[in-house]
Every structure is written in structure tokens, then in C-alpha cells.
Amino acid sequence: MKEKLLFKGNEAIAEAAIRAGCRYYFGYPITPQNEIPEYMSRKMPEIGGVFLQAESEIASINMVFGASGSGVRVMTTTSSPGISLMQEGISYLAGAEIPAVIVNVMRGGPGLGGIQPAQSDYFQATKGGGHGDYHCLVLGPSTLQELVEVVFLAFDLADKYRNPVIILTDGVMGQMMEPVQFPPEVDISKLPVKKWATTGAKGRKKIILKSLFLDPEELENHNLRLQKKYRSMQEEIRWEDINAKECDLLLVAYGTAARVSKKAITLAKEKGLSLGIFRPLTLYPFPYNELKEVIQNGKVKKILVVEMNLGQMIEDVKLATEGKVPIGFYGRTGGVMPKVSEIIEKAEDMLREVM
Amino acid sequence: MKEKLLFKGNEAIAEAAIRAGCRYYFGYPITPQNEIPEYMSRKMPEIGGVFLQAESEIASINMVFGASGSGVRVMTTTSSPGISLMQEGISYLAGAEIPAVIVNVMRGGPGLGGIQPAQSDYFQATKGGGHGDYHCLVLGPSTLQELVEVVFLAFDLADKYRNPVIILTDGVMGQMMEPVQFPPEVDISKLPVKKWATTGAKGRKKIILKSLFLDPEELENHNLRLQKKYRSMQEEIRWEDINAKECDLLLVAYGTAARVSKKAITLAKEKGLSLGIFRPLTLYPFPYNELKEVIQNGKVKKILVVEMNLGQMIEDVKLATEGKVPIGFYGRTGGVMPKVSEIIEKAEDMLREVM
Amino acid sequence: MKEKLLFKGNEAIAEAAIRAGCRYYFGYPITPQNEIPEYMSRKMPEIGGVFLQAESEIASINMVFGASGSGVRVMTTTSSPGISLMQEGISYLAGAEIPAVIVNVMRGGPGLGGIQPAQSDYFQATKGGGHGDYHCLVLGPSTLQELVEVVFLAFDLADKYRNPVIILTDGVMGQMMEPVQFPPEVDISKLPVKKWATTGAKGRKKIILKSLFLDPEELENHNLRLQKKYRSMQEEIRWEDINAKECDLLLVAYGTAARVSKKAITLAKEKGLSLGIFRPLTLYPFPYNELKEVIQNGKVKKILVVEMNLGQMIEDVKLATEGKVPIGFYGRTGGVMPKVSEIIEKAEDMLREVM
Amino acid sequence: MKEKLLFKGNEAIAEAAIRAGCRYYFGYPITPQNEIPEYMSRKMPEIGGVFLQAESEIASINMVFGASGSGVRVMTTTSSPGISLMQEGISYLAGAEIPAVIVNVMRGGPGLGGIQPAQSDYFQATKGGGHGDYHCLVLGPSTLQELVEVVFLAFDLADKYRNPVIILTDGVMGQMMEPVQFPPEVDISKLPVKKWATTGAKGRKKIILKSLFLDPEELENHNLRLQKKYRSMQEEIRWEDINAKECDLLLVAYGTAARVSKKAITLAKEKGLSLGIFRPLTLYPFPYNELKEVIQNGKVKKILVVEMNLGQMIEDVKLATEGKVPIGFYGRTGGVMPKVSEIIEKAEDMLREVM
């Protein structure tokens, strides 16, 4: 398991899911993530797993509900419009506390938009695209190696918290090839037993998995318990920072935008600019305190948020920094990638400016 | 048109829509908003309008797309889970710039939740439940009179900006009765002609309403134009403030939570507490600057956000106030209403505390 | 209303339906009948009627159920695969005794088949494509003038018997142009009141239209009553015969196949062959006794059944004639039309042969 | 495999299918056949097979198309309204020549009807409920032992003719218990290879399974080939006759109606009545010649057709006998069972009457 294998991003997601113990995959085709269902359709039957192309994304997410409710590891994947169609189902999963791994290989929106990469579903994933007081764990990896590890992590977190976990990635990551090293394969027979699952009620009391609580007191208590769970997810916060406290201008970015941003730091250095980066891996829960600490105890003068959208994560950065340093934004959207040179230029402008 | 009529909230929404020129209504039954489709099913045929019960909320929102694309005034209404099902369609409406009035009579969530009133879809409505860089205008009225006016406003704003408008209300407002005075009826024959609408292409160039832009540059330009439009919506910001700059503790609340909060102000005064309220009517765009101005130029010591959820609008309040005053939160959820006494108690606690 | 108008078959169906009082049309596009919904989509809004493109044929037929149950005149049209999708709904209409006019512009089958004309849905229409002991009235016109009259007749019969009526036609008739003279327009305000319809239960007992009878005795009685009704439909039997009792060889054909057969009679005469035709207009109820009488009292030596399928109506001809004369068959299928010369050749062969 | 096992009819169908090599089952619940999907949902996972509850009967039959097209043995089961919903799919299966075993546990109709046993879908099954010139093989067993054997036979015939096979049974047979002896289990690895199946096109030419032939000549040739196949099915004709040529009055019945009829023969003998029975097992192809031969060479004076409907198979009996002997009918419907005493009484009446 130690060798590095050259993998395309989408196929790495599928292979990682299988190695992480996923035996049920439900999905409906949409560009740019079709290599995932294709891979699953080939591999699942070989290992006694189930690949099922549903008649829509709504069917997919509800099949996820049913299958995962029986205790197995389940994944669905889609791209932006497909995720919108799943919002009711995601809210139901969260409400009934059923684990699920949901991958969004984001494309440009809104509506049909285009098939090129984007990060414009950040709000939807992190603030809750569905109804009700719920949250999904959201992970935004920026290399294929990290993507592969995050798939394993997603299954573990989903089970640990009995909650849907969203992996946000995009067509760049999905289509690129990089060598990856898979974590040790999960032996599904050794996973902790899910006592809450509907595995057949012979000889024991019936289990009902539901999100319906008609009595308001009961529903409020259910929500308070969920909130407590969401707060406990704080311990899962993961991020990376490079030269963060020492730099003049701190880039904040995740995923593909962070890949480009990292390159900008190196090149900017040659130009005499002192840049650093704060890269959240968990987008929910967002590392508010960690970013705040960098700002409070470092010497950062300004922050530049880089996203492949027109400004969404910037709200979380503002919530973390409470107006303590000026915040700029550089974003491209609709499938256009931000360039290293553009980020450096924007950084230069910001550092020149007196704010 | 000057007399006050006693109306139930849901029926007032329906009647207001018709008077505002709505002639097409599509919906699917869900508690606690069923009086709206019931009313529409009776009245629409009488006035030559269309009431259509679709086979699902997904069908409803796509029928809204089609009908509104032809230039007429269209409404759909539902409650929380139904809104989640509409997220793809809402993103398509925003992407293709098609007007629509969408009413969410919110109930407790997540999932099936319950049928009692709640405000737990604030994030979904204001941050974007669907995919892509888009925004809906969001209105949160707190009396039936305001609700009725907001329905007229919603149709005007939808047409003005060619954008979906969401009215957030809840089962309390939907079921209560209050006297209302309707604005003058709209003469649909005098509404401005929608040159962008697909009204039949005889003798002119074909019009295509779409959200698909396969070329990334084109899609980005489309998004930049949309963003410009969203920024221009700033001029629609509406809010109410009472005793806001003079009070010690400022309540921030909207809708039903604001009704309760206002009563708390009066009763608190008798107890010697100085409370005020800042009540946003437009939830998107949120009155960030207006709230900021109150805090900067007033003598508010603390803020108490009151919501019928577990804390969502509080993020916008934080974004507006940037840590300048301590912010507390009081919320009930799942259909439980916050009580006047509970709000006062929380306010007393906060004012006592040294923060 | 006396002038002759040049009409395309499909459009004549639509126009005739409107003149016959149809104000509700539900359908889903399929070749070769798309001119009907197109026509309806233009005309219905102009006259205060409803044109609704459903999301499938299953939706269409169930919308027919709902609309017609409220007492109005309703039509749906489709082509072969679409009719198959409607079989459950047709059985429900028959079971609940709800009138409906259903036009099948037949194309070649089975499955997707082709888009060319055929008559291969005879069994489905006349023997019952759905489940249960029910029958639809089935009409098979062979000129556009007759088609137009049959549309009027279909609405009358549907109302008279509270039963679905199927019009079987095909792409040849749908696409050809002929001058037609419409019967006088029906004044829908003067149609007999349907006391059985669900028109709102204010001030009277609730009406329930249903096909569910859980008690077997009750269900049997319901069926016995239906059978009595089907038997009473005998009085609607319509047919045409030309030179039927005098000829040596009697053609039996309906619809487009009868058009071609009639030409064959004339041309055959020049060749010295004595041909006649028996052309049923009602395919259910089939004119068994009328055909039997022709055979018993005429001098027909042989029968040649001509169909645009591989032999379906031939069973009804056999049931009528009980082996009294030899029966031959000439059929083309899949969109191939039988030619006049082919029919004559087959007739010659049969008359030569000693059987 | 020689022991007799006590089985309920529905469960015997499921077990027989599995032993006959069925590994894919798709269905949607409907009374009175729910024991079949229940049994399948338990057993299929144990043997590496697939049980899938589809979202409707339309989905079921199309999943049958897809799965069977890949070469495996597939079954779906439902009851009357469900079969109506499958008519388009059945026509597609026949058109694309894809094997399928379809069980109809008939209930009273039309429409929702009731849940009690009936035989009122005879026309639908034998004359073609769907569109186009196609036929399904139709089998109507009358004991559980025969039912079990017929399930094996159905899979063999479906594969042999690449055609859907319908088993007509009813709630009496589905719910009763009788000892059955299963035929030897089929070793699916030893079944003949299906070279026509879409098993993956690596290293060979692509296979396309379709019913679409846009060129009329091609579609007609396809149909002519199909007709030749249907004619060749004559060799599968199976029937039983008891005292058929010697009796005065011949009962013709199948399935449950034949069970009751057989008892009537024995009891009638005690009364001095000479009754026999002709019981078709294949309802399509119907044993026309076999029944004709009995009438021609026997001494039967009259025929009494017994059905659990209001007269459907009687048409095939008439087609076979061509008016040579008088035919009576005794039928009960809607879930009411014909009684032995009623049949004898009817027989007595007929024999008394001079016709």
C-alpha cells in the first residue's frame, strides 16, 4: 500500500471511497464528474458492492438515505445543479442523523452555467442549502493526495457524527493527474457496529430513523442535541498556514484557488513581496479562531481572499477577523481560473494602497 | 380600496398576489400554507388566471420558469422542505434572469421536522440554497399589513431586477387574522412591457432565456453583470428601528420574532430597562450599513439577536457590527415561539453581565 | 358554418374538438400528432380554454381524469407508445365512468418502432389494453370529413355513456389535407348538466368518483352494471358497405386501409373483378351481426381483410363469420402502406384459388 | 430435490424463480402479490442477486429491460393496475426481443377495483395490452405444483424466444398453500451463452438492443421476422383435457376457474351429468387446433366457458369452434369466486335447453 499510483482526480475519489469501505454508490451522470460513476460501475460489481444509476439526483440522495440507514458506507457524487436537487434529501439526512459522503465536483453556475471548474457553491455547502438548523461537515482539499485522504476522513467523520459530509472539489482537481498514495484499506468487517442502524428488528426493538417530530418541544430538543453535536465538530478543524504570521499580506484560499495562491507566494517572494497563506481544509466548521489567532498574534497588514467565485468565503474571513485588518478579494468565476500573475498584481496593489 | 378587511395571513398573501397582477400560480400542498393554493384554486379560474397543482415542488418551480419567461406575473408558495426541492429551479431562474415571487411559510426543520412556525431557513434564503454566484431578494415582513404590501413589492422588484424574490414568513403569520388594507389593484395591461420575454417570435428575432453559457469568459461576464445587478439592489434596503440609538440593549429581529421583540420593549420599559429594536425588512440585501450606523452613532451597549432558530441572522449582525459591541442570542426553534418574558429575562441577564 | 375549409388532419382534429366543446386539452409531444397540441396551445388560451403540456403521457391521462371528473369536455391525443403509457389511466376512467376523448394517431410498433402510419394498435384499443372487464368505444374514420364528424360524435358518446372513447387514426390521415365542413359549433352552456360530476359540494351531498370497491359483491355488481352499459352500446354501431352482398370477394377494412381498398374496388372492376367492401366505423362495438347478415344473405364467396398491421381485426371478422366463407388477409406494417395494385393482386389470387 | 415442501403460492413463485436462475428482481408493492417482493428482498442478497424496489411499475419494467438486455435472468411481478403501467415497457421488450418473466397476480378491476382474485386481464395479456404487432407468451397454471413448473418453463421460453413471458395467476393461487416439488435447480453458469446480450463490447463489435427502426421497410421486415417467431411458438402449446371427447358438455377454463371446474365434473357425475374439461395452459399461443379437434372428433354437444371475469377467453373458444357447437358462459368477477354448485346448475340448464 506504500507505492504511489498515478490517478486522475475523479477516479482517485472512487478508488479511495472503495478502499475506505464504501460498498454502495448511487448517482446520476453530470459533467465534470462522470469518471466517478463510470469507475464505480466497473468496480462495485467486482467486489460485491452496489453501483446504481438512479433516475435523478433526487432519487440518488434518497437511496443514500435508505442504504446508509441500514448501516453501510454510502457515497453519492454530482456537480453543482445536482447538489441543488439534493437539498431536501441532505436536510433529511442531517435531521435523521444518517451518515453520508457527498462529493460536489463544482462547475460554474448559476443554473446550467457551464462545465468548467468553479467554487461558487461555498455558501450552499457551508451555510446550509437545505432548510432547517443543520450543518454538513465540509471538506475542501487542494491536492489529489489530500483529496484521497479526505475521502477516508469523510467516511470516518460521517460515521462518527452520524452526519452528511460534503467534499467540495472542482473539475480541475477531478480531471488532473497526480501520483497518490492510498491510506491502508479499511476492513469493513472491523468497523464499529452501528447500533442505531435499521439492520432488521428480529429479537430486538424496532429502530426508526426519522426527521419528523410533530411535537414542538420534542423537535426543539432534537435541534438542541444537533447543535451540541455541531459544536463538538470544532475538534475536527483542520487548516494549513504558511508564512502566515510573518507576512505582510495573507492570502486566504482553499482547494484549487489555494493551489494557485501557493504558487503566487513563491513567485511574489522573488519580487520582494512578503506573502503568506491560510488555507482552511474544513470549510465547516471554519477555522475562525485559528485565523483570528494568526491576525491577533502575527504582523499581517492586509488579507487577500482568493476564490473561484465572486466572493463567498470572504464572509467567513470577515467573521473571523472582525474588521481588524483590511480585506481584499480576488475572484474569477464561471470556469475562468485565477492566474498566479493576477494574484500577485492584486497583492501588489493592495500593499501599495493606503487603506 | 380604502376599507380594512379581516384576513387570515395565508389568504391575504393569495389575495394580494392577485391584486398585484399575479395570474399564474403553481404549487404543491404542504402544511402550514395550504390556504394559499386553496384560495388560488377558487379565485384564479374566476378571473381568467391559472391555478395549477403540480405533481411536485420541482415541477412547480419549473412551471414558474416557463410561465414567467413568457412575461406574466407568477407566484409559487410552499414551506421549508418544498423550498429545498426548488433550489435547482431557483438557481435557474436567477441564472436566466426570470422574475418570480416565491413564498416560504417556514416550518420547523431539518428534514420533515414539524408543522409549527420557525425561521430556520434564513441561511438558505439569504446566502443561496442553490448553486452558483446568485442572490434572491429576500423580504421578511412582521405584520399582515406589511405582508400584503410586501407581496406587491415582491412582484415589482422581481420585474424590476428580473430576479426571484423570496418572502420569508411562517405559520404564525399564515394562520393569524388581522385587518389589512390592500394597495390599489394593479392593472396588468398597464405594466411595463417585458421586451426580454418569450412572447412568440413572429416578426422579430427569437429570444432565448437560458442559464447555459459553455464559454467560460461568457459565463464570467454573465456573472459579473449579475453581481453588478445584485449590488444595485442596495437601494431597495428597507428596515425599521425604534429607540435604536438611545437604548442600552438593541434587539435585532425580523418577522414573527420581531413582533414578540417589540412587545418586549414596551414591557421592559416598565421594568426600567432601555430596549430598542432594529428590524430588517429586506434580509437580502441586509441593511449592514444601516445597522452599523446605529451602532457607531448611538449609545447601544449590547445587542440581542432574537430568532426562531438556533442562530442564523446573527452572522449578518456580526458582519455589520465587526465586534464593536457584544452580541447575545436568544432563539427557540422547532415550532416553539420565544416568549416576551424570556426575551426580557435574557436582556436583563445581558445588561447585568460585565462583558 | 357551411363552407368547406382546407385542413390538415391533425389540425382538423383539434379544431373539431374545440367546436365540439372541448375546453381542456392535456398532452405530451410525440410524432406524428404534434400538430394537435401545437394547435391547441395557440387556440385554447384565446377561447378561455386550457392547454397543458404534461410531464408525461401518464400525467396527461390522469389530468384528463381530474378535469373530466369535474364535468367539462376533455381530450388527450398521442401516438402508439403514448397510448400504452395511458393504459392504467384508461382503465381508471372506465372504472370510474368518466368521459374522455382519446385520439391515437397510430405509428408503427412495437416499442419505439417508427414514425410512419400503422394500424397495429387495433387489439389494444378494442380488446382492452388495460386491466379489468372494461371496454372503450372505438371509432376508426377514413376521410377527414368523417374524422371531423367522429370527433363531435366521440364527445357526445363519451358523455352519453360516461366512458372513454378512442379515435384510431394514423399519420397518413393526420398529415393529409382535405376540405372539411365542420358540424354546427356546440354551445357548451347548453350541454346537458352532468349531475354526477364533482363540481363543488356546497349545499349538496358529496360526490365521489372512484373505481375502488373493496367488497367483492359490490365490485361484481359494479361490473355487471358496466357490462349492461357496454351491451347497450350496440345501438351506436356504424359501418359502411359498398357492393357488399353482390360481390364475389368482400374487402373488410377501416381507416386508411379502407381508403386504399375503396380505390381497389373501382380499379378491379375494370379488370372484371367483382369486389365490395364492408367498412366498420365503430371498431368497438364491432358490427358482428351486420357483417354476418351480409355473408348470410349475400353471395360473397370469399373475404379479404386488409389492415396496416399483421392481422388483428381479422379475429373480429372470423368471430362474425364463423367459418362460413374463407378469409384471406393482406397487411403491411411498420409504416409501409398497402398499395391498390397489391390488394387487387391478392384478390385475384384468392378468387383463382379453389379453397 | 425430491422432497415436497409446503409453500404459499406467492412464495413458491419467488423460490421457483431463484431456483430457475433468476438473479435480478425489480418490483413495486401491490396487493395481492407482496409476498413475492418480500421473499425476494430476503433471499436475493443472500445469493448475490439483486432485489430492487423501484419507484413505480414503469421503472420496474424498464429496469427489467436494462438488466435482461445484459443477458441475465430477470423477473418482475405485480397485480393488474401495475401490469397496465408496464404496457409501454412490455411492448419495448417485445420489440427489442429481450427475454423477461412477468407475473400478474390478477385482482378485480377495472381501475383500482379490489384486492380479491380475478381473471379479468386475459384480453390484456393475450391480445396485447401494448401497441404494435407483438405477442407475449402467456401461461395460466392451475395448481401450485404447476405454477412452480411454469416459472421454470417461463424462464426457458423467454430465453428461447427472446420474448417476454407473462404468467397469469390470481390471489387465490398466491395465498393458498400446497405441497410443491421443485424441479432441479438451474446452474446459471451452464445456461447457453446469450450472444445477443450487451455484456461489454471490449474486443468485439458493439451490440445495440433496440425497437427503433425509422425506415419503414426495415421496420416491416423486423415485424415479419417477429411474426415468424410468434408462429413458431405453436410448438409450445400445452393443455390438459379430461373426458373431453366423451362428455356431453365440455367445460373450458384455465387457472383457478379450472380448479373449480374440475371439482364440478366429479360432483356432476354423481348427478348423472357427463361433463369434461379442456384446460389451456398456454393462453398465448391458444390451443385452437387442439380444441377444434376435440369438437370435431368428439361427441360434445355444448361448451360452457368458465372464467373469473365477464367473458374474455370465450372469444378464443369461439375462434376455435367456429359456431360448430353452442357455447355458454358462466363467469363471476370482481373477486367473487364461481362455486362448484353454480357451475353444475348452469351445466344442467344448458343441457336441458334445446338450442
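Order of writing sets the chain letters: A, B, C and D. Residues in each chain are counted from 1.
Definition applied: contacts are C-beta pairs under 8 Å (C-beta built on N, C-alpha and C of every residue); 3 or more make two chains touch, one makes a residue touch a chain.
What you are looking at is a predicted structure, and each value in this text was computed from that prediction instead of being measured.
Student: Can we say the copies chain A and chain B touch using the same residue numbers, with more than half in common, or are the two sides different?
Tutor: same
Student: Among the chains, which is located farthest from chain A on the basis of C-alpha centroids?
Tutor: C
Student: Measuring centre to centre with CA averages, how many angstrom lie between chain B and chain D?
Tutor: Centre-to-centre distance between chain B and chain D: 58 Å.
Student: Please work out the Cα centroid separation of chain B and chain C, and write it as a whole number of Å.
Tutor: 53
Student: Taking each chain's centre as the mean of its CA atoms, how far is chain A from chain B in angstrom?
Tutor: 29
Student: What are the residues of chain C that contact at least two other chains?
Tutor: none
Student: Graph shape for the chains shown, where an edge means the two chains touch. Line, ring, star, complete, or other?
Tutor: Ring.
Student: Using the touch rule from the top of the page, what pairs of chains touch, sorted by label?
Tutor: The list of touching pairs comes to A-B, A-D, B-C, C-D.
Student: Please name which positions on chain A make contact with chain D in the complex.
Tutor: It comes out as residues 48, 50, 52, 55, 59.
Student: Would you mind writing out the residues of chain B in touch with chain A in their complex?
Tutor: 58, 80-81, 83-85, 87-88, 90-96, 106, 108-116, 118, 120-121, 123-124, 127-134, 210-224, 226-227, 309-312, 315, 318-319, 322-324, 332-336
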